[in-house]
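Here the chain labels run A, B and C in written order, and each chain numbers its own residues starting at 1.
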Amino acid sequence: MSKVRTIGADVWKHKTDKVSLELFTLMYGSIVSQLCDDFEHDYTKVNQQLDKMGYNIGLRLIEEVLAKTGLPRCHSFRETADAVTRVGFKMFLNITPQLGNWSVDNKQFSIIFPPGTNPLVEFVECYDERARRELWYSNILAGVIRGALEMVQLSCETEFVSDVLQGAAQTELRVKIIKVLEDEVPQGEE
Amino acid sequence: MGVLSIFILSKAGGLIYHKDFGFGLKKLNNSNDYLVIAGTFHSVHALTTRVNPLNTHSSGLLTMEMETCTLHCLQTLTGLKFVVVTDNNQSNVSVVSSTIYEIYSDYVMKNPFYTLDMPIRCHKFDRALNQYISTVE
Amino acid sequence: MSVAPRPAVPAKPSSSTPNFAHERNDSVSTPPPPQQTVYDRSLARKRGEVSLSAFAYIFSEAVQYCHSRSKDVSELEHRLNLLGRHIGVRVLELTVLREGKNAKRETRLMPMLQFVHTHIWRTLFNRPADSMQVSTEEQLQYMIIDHRPLVTEYISVPRDMSQLNCAALVAGIVQSVFSAAQFPCKVTAHSMGTDEFPDRTVYVVKFEDSVLKRV
């Protein structure tokens, strides 16, 4: 759908109030730091909390995506993936991560953030050994995607599989589409 | 004034927002009546999606014209309904509905004190909506 | 996870690092070039922008999280203030660093207030604060005024929590900027809307007595 390719950039340019990236990064960093303190550095719990916060955001953020773009329902998961990266990430974070590692049944894919593109980790370094192994710093994004897709009746699982903050070459977020929630599709939709 | 009333219905058909615009408009006697209108509309809308005998996709009720006013319905992919009642000369209602949707996505969705599917009680939403509606001819 | 200065440590040994045990070299062996780390990137350039919505969503979650852990409004404001403090120390360093050759360590109160009102606000919000006032009621008390704080743009506080101002986050940022610059104080955010500016917020900065020496 050609609309998907351009609408994200259009919304970013014309319909978006902007703030400094540093304010955003510092705010997120402050939240993660506070969670680490509150959960006494139990990074499994921090990851879960970040995912939960992201999920709550996703349930709400989808309305802005639909309101500002008027995007109709996607006809394939590939379209959905395109919408997530070219529209979603573009209009909120002004980035277009790459898509890759599609499974044969087209129900699983990866969202790949080349180093230096993820605004959440701008100037962040994880120097605590255990945090490097266990913390998924950007885990909020996993929750956001899961929540947003659920509101358009796509149930999915999302998890990070690699992160530059953990020393990997790139940051990769895996999305697995489980099923379409047929019962929840609003009357009048296909 | 073009826009007479706005109703917002949750996914489940509950009334989460209602506002009349303009002066001297009739009010229903019982505030419950508005809830009943919303619930009934939700069911009617669902009905209208089944009415289409053709083998095409049916969107369900989009507009309902009456002698002195028209009702327009925007249903989102997430199941929300924005129901806008206007006078019969109102043009560009689809723009009005989608702008109301945008205002909702800003001042309701980003409010940490708003719980999903509950009645909307956000004064900034009221303010932004009033400001917008007053500009609609 | 901070911007605190530390010697750069490579993430992991590069696979192309020569194995010195096997190297037979007459010249002095040079250490492998360190991998690019976060500390190699320049701070001088502004990093760009994201949408206000992105900030609003994460702040909204932060408010909800703090709310869930607070028994009352003042505890909630305190938690937001703490979140702001983490940001403040870093914003101070960043702002001063970006002044480059003009960077000056302020030791007098009025210039420091000006610095916060203008430069810190610009780093955070891309514009200076709207005004600054000296309190007539109390010594060492000043007000920084923002007509439309960006951080609370979409937040409608319910009537039963009307004393709450979520700009307590910004109050925390300001407090830690002053404190890190050796002007210890307490900062609180107050909603004082007018007809023209219904969201007008006043940050009341009350300095400790020790600052009297530097007025």
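By definition in this document, contacts are C-beta pairs under 8 Å (C-beta built on N, C-alpha and C of every residue); 3 or more make two chains touch, one makes a residue touch a chain.
Everything numeric here is computed off the predicted structure, so don't read it as measured data.
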Per-chain CA centroid nearest to the all-protein CA mean: A
Distance-maximising chain from chain B - centres being C-alpha averages: C
Rounded Å distance, chain A centre to chain B centre (Cα mean): 30
Centre-of-Cα separation between chain C and chain A, whole angstrom: 25
Intercentroid distance (Cα basis), chain C paired with chain B, Å: 41
Set of chain A residues in contact with two or more other chains: 60-61, 64
Contacts with two or more other chains, residues of chain C listed in rising order: 53, 57, 59-61, 64
Multi-partner residues of chain B (each touching 2 or more other chains): 106, 110
Chain B-facing residues of chain A, complex: 59-64, 66-68, 70, 72-73, 151-152, 184, 186-190
Interfacial residue positions of chain B with respect to chain C in the complex: 106-107, 110-114, 121-125, 127
Chain A-facing residues of chain B, complex: 11, 45-46, 48-49, 57-60, 75-80, 98, 101-102, 104-106, 109-110, 116
Touching residues (chain side chain C, partner chain B) in the complex: 53, 56-57, 59-61, 63-64, 67, 153-158, 161, 166, 198
In the complex, chain A residues that touch chain C: 12, 16-34, 36, 38, 49, 53, 56-57, 60-61, 64, 91-94, 119, 122-127, 131, 137, 140, 167
